[in-house]
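Paired with chain B in one complex and with chain C in the other, chain A is shared by the two complexes that follow.
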Partner chain A sequence: MTLKKIVETYGTFLAGIVLFLFLIAFAPNFASTANLLNVLKQVSFLSILAFGFTFALISSELDLSFANVCSLSAVVIGFLISTEVAWPLAIVAGLATGIAAGLLNGFLVTVLKVPSLISTLGTASVANGLAFMITGGVAFVGRWDPDFLYLGRGKIGPVPVIILFTLAIFAVALVLSTQTRTGVHIQATGENEEAARRSGINTRGCKVLALTLSGLAAGLTAVFLVANLSSAAPQMAGDFMLNGIAATLLGMTMFTPAKANILGSFVGALIIVMLSNGLVLLGAQYYIQDIMLGIIIIASVAVSASVLKRAAFAL
Partner chain B sequence: MTKISARNIYKNYGAVEALRGVSLDVAEGEIHAVCGDNGAGKSTLIKILAGVEQPDQGELLVDGAARRFDSPTAALKAGLATIHQDLAVAPDMAIYQNIFMGAELTRSVLGLRLLDKARMRRESLGYMGQLNDSITDMNAKVNALSGGQRQAVAICRALRWNANVVILDEPTAALGVRETEQVLQLVRSLKRAGKTVILISHAMKDVAALADRVTILRTGENQITLDGGDLTADNLAHYILSGEVNRVH
Partner chain C sequence: MKKFNALIAAAGLAGALAAGQAGAFELGVVAFQMSAETQARCANTVGAEAEKLGWTTQVLNSNGALETHASQLDNLIQKGVDGMILCMSKPVQFDAQFLAAKEAGIPVITISSGASPHTLFDVTPNEYVMASEAAVYLLGSMNFEGNVLLQKFESNTGARIRGEVTDVVLKENPQVKVLGEHSMARTKSWQDDVRNGMSALILQNAGNFQGIWASFDGQALIIDDILRESGLKKGDVSLVSIDGGQEVFARIKDPESMMTATVAIPFEDMAAKSVDMMKQIAVDGKDKADLVPGPYLFIPATLVDKTNVDQFLK
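Let's turn to the complex of A and B:
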């Protein structure tokens, strides 16, 4: 492996480690157990959403609706629990909401041929409106079943269960995307739809599945968010929109350069949460985070694009 | 022995008569070229052999048995693989992934069907070795390959389907001199491997260098079939330009 290739493949990952060491050295309290667990908890919400966005991106589609769909799922769960529906049913309804939104996106993209940039933006707005309709603009809060809250707040030893759930979801997503026929079929669909179709791959099915996985990820995140905060509000996942996109795009600069990949998205989420957390601890103003996110999004795509260009020039 | 026989094929697109009773006999193990000017009906004939289009009339025999291909998959299953001009490869994926696209091999790990990447790489190398032993890294991306090497990847995919008839649609169009030579080598190695090759080409020099026989079409009909000493680039050009139906040499 040449040095250039190593930098291309692991550069961002190494930068993440440097950032981690820097924050340990200079950010007050960053290295405390409580803060590190808090970072990992934030990574949980963000990375699950980013995994969904990653699958959509691997199939060459965007899902700009995941944050609003996540809020809608959360509100559905909160509404059902506050009307004393059994919490496992509420969870099923929340996941179903995410899946339904993903199926809708898949239908719009593959059957009605509405570009995903537009169709998912539309879905996002509809989901947002529905969330406000259900709540009437306020949040559901209450004393909910401790068994339900355990999903978001429980611990096994010192480790929050939510982190264990996230690692399990990460493992499933990683294996699905890189080690199964379904995963390569989604990838082939994204790389060259016509070639994939002629090879007998159900390309429409792959796109629908990828967008549905994104919806499912939004539903899963909603479960953990509501259980963690014991409340559900119509805009509660709003901040995850840009963060999730940034994590995925940052992930594209790692491991398999210029390609969306689950491992990259996970590390991307880690870096972004560490950075946000570190900036607060270092006393940076709140608006610095937004500026930082914007820079990460643009810089990641610029780096990925240059890798793609180099690959093209290698012809 | 006749491998492929198309008899009296008719195909209309609305009012356009693309094929008007074309026949084609391809012997097993030969390189058979189909030539003709634009509009001669070459592409339509190939689409019928590839299962992309169905004839309005006429008969298609493979190994003497009448067949009808309702889809490209049906043609593939009968052992006819068509490599279209655009090759249909995914440039940013590995060579072995392209060769096994849509037919990936799996193995059981803890009850899960996971990809058997090692076996796919090994088998890809085996297919590639029959064609071009200079390509050894099956993890390399297709966009790192030359045009001729990409053609090899597309042909390997056909071999993976166990095709014994390989139909090449304009394989040297848009290639440079050296790459064209690579593709000619590929076609020869296919013949050496016992495959039957149907070659559609505008490049008279390539056709003359490769083909055992040439069927020339003109406005949807058979014009003439050449073989042996008659098969020269000059002769091909002469017949295609003049439209003559009798052998003059």
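Let's turn to the complex of A and C:
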């Protein structure tokens, strides 16, 4: 492997390691066990959403609805819990909401042939409206069942349980995308849909599945968000939109350059959260974080532009 | 080589930052949504007052996102700040973070957030008192008869209380009718939401209303613009709200504006009081109970109209 190839494949990952070492050296308390666990907990929400967006991108489709669908799922969970429905049922309803939104996106893209860039924006708007309809704009807040809150706030020893859930979801997503026939078919569909179809792959089914996985990821994130914050608000996942896309784009610059990949998205999310945490520990003011995130997005888009263009403009 | 030099420079900057922080009292300041002027005033004043004491301050903005706010609190706790002052936070949602701060020995004072068993106290005006003053003033300016439009905001506790108190005042004065009300739903693009909703109501009820109540001044400023664009003149409609600020005071004075009165919350005083209290408790070692016996430190707010606006204009 040439040096150029190594830089192309592992450059961002190595930059992440340099950032990690930099923060260990200069950011007070960054390397403490409690803070590293804190970083991993914070990366959980973002990475699960990014996994979903990654599946959509692997199939060469965009899902710009995942943040709003996540908020809608959260509101559904919050509504049911606040009306004293058993929390396991509320979780099922929240996940079902995410899956339904993903299926809707899949239907719009594969049956009605609406470009995903537009159809998922439409779904995002519908989800946003439904979330406000359910809440009336007022967040569901309460001191809910501790067993439910344990999902977001609980710990096993010093380790937040949400980290364990995230690692499990990461493992499943990684295996599904790289080690299963379904994952290979989704990748083939994303790389050359016509060739994949001619070789007997159900490309429509792959796209529907990819978008549904994105919806499921939004539903899963909603469960952890609601359990972590003991509340559900109509735009509670709004901030994850930009960060989720940034994590995935950053992931496209490593391991399999210019291709969305689960491992890359996880490391991308980790870099973003690590940077955010490190800037706080270094004493940076709030606007520096937004500036840094913008720079990361621009840089990662510049590197991974080809695949993104294909996904965005395959109209 | 250039990249290496840049890295060295960044490392030097980080080192200088860390060295500069050593020794001084370190205060973390977090505002939930700094695009709201009141929260920006609150957070910026806390930062400025703390710096006057020689403290190291770090101001963070959660951009109105719950999870961002939680992460920022967690990060500041891990950083080991000496104290935190939070503007418009949410005690129930961030109960876990407040508890973690308490367990880490970090004193937390909140401003206009609500009480928590894990914080020292909440510095706040009494929303019920302010809301009743604004509502009664509005009706008084209409001689307790006629029609009004209402602009509400349900998802903020303080603004919701203001709306509910206004409903009570209106219920007791049935000769004043509510022709229509709009509730602001979106928080990130709230200006657009208010403009669209109130434009529709004002057009629909043109010439039939004598008063407009808005749950906070940011909304009132937008409504004032719409009324002016509609060709209305000062005195045609009474526009009353709550919060205060130089732009609102200027409009109360402005002969072209419909802005009639506001209840001015002294955010700067509240912020300064928070810093002073943090110093007395966390630095001077005074007992919290001697300074603030309960969970709230109430700060009085003042109704401002044309008769006293000059005292507030800078």
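Quick notes
Methods note: the second predicted complex is superposed on the first by the 304 of 315 C-alpha atoms of A that agree within 3 Å, B and C clash if a C-alpha of one lies under 4 Å from a C-alpha of the other, contacts with A are read in each partner's own complex, and residues count from 1 in each chain.
In this text, contacts are C-beta pairs under 8 Å (C-beta built on N, C-alpha and C of every residue); 3 or more make two chains touch, one makes a residue touch a chain.
Here the structure is a predicted model, which is why all the values come from computation and not from measurement.
Legend: residue contacts after superposition of the two complexes on their common chain; A:V175 is shown touching chain B, with no touch to chain C. Of the two partner chains, chain C is the only one touched by A:F132; chain B is not. In the superposed pair of complexes, A:G238 makes contact with chain C only, with no contact to chain B. Counting residues of chain A touched by each partner, chain B versus chain C, the larger count belongs to C.
Applying the stated contact rule after C-alpha superposition, one finds that A:A27 touches chain C and leaves chain B untouched.
By the touch criterion defined above, A:V280 lies against chain C but remains apart from chain B after alignment on the C-alpha atoms of chain A. By the touch criterion defined above, A:E84 reaches neither chain B nor chain C.
Legend: residue contacts after superposition of the two complexes on their common chain; A:S199 is shown touching chain B, with no touch to chain C. Look at A:N228: by the touch rule set out above, it reaches chain C but stays clear of chain B.
Overlap of the chain B and chain C interfaces on chain A comprises no residues. Put simply, chain B touches chain A in their complex at residues 72-73, 86, 88-93, 97-98, 101-104, 106, 112-115, 141, 143-144, 146, 157.
In the complex of the two chains, the chain A residues touching chain B come out as 175, 179-181, 184-185, 187-188, 191-192, 194-196, 198-201, 258-259, 311-312, 314-315.
Touching chain A in their complex are the following residues of chain C: 10-11, 14-15, 17-18, 21, 34, 56, 58-61, 63-68, 70-72, 74-76, 78-80, 90, 92-96, 153-155, 160, 183-188. Remark: chain A residues 22, 25-29, 32, 34-35, 38, 41-42, 45, 132, 135-139, 141-143, 153, 225, 228-231, 233-240, 273, 276-277, 280-287 touch chain C in the complex.
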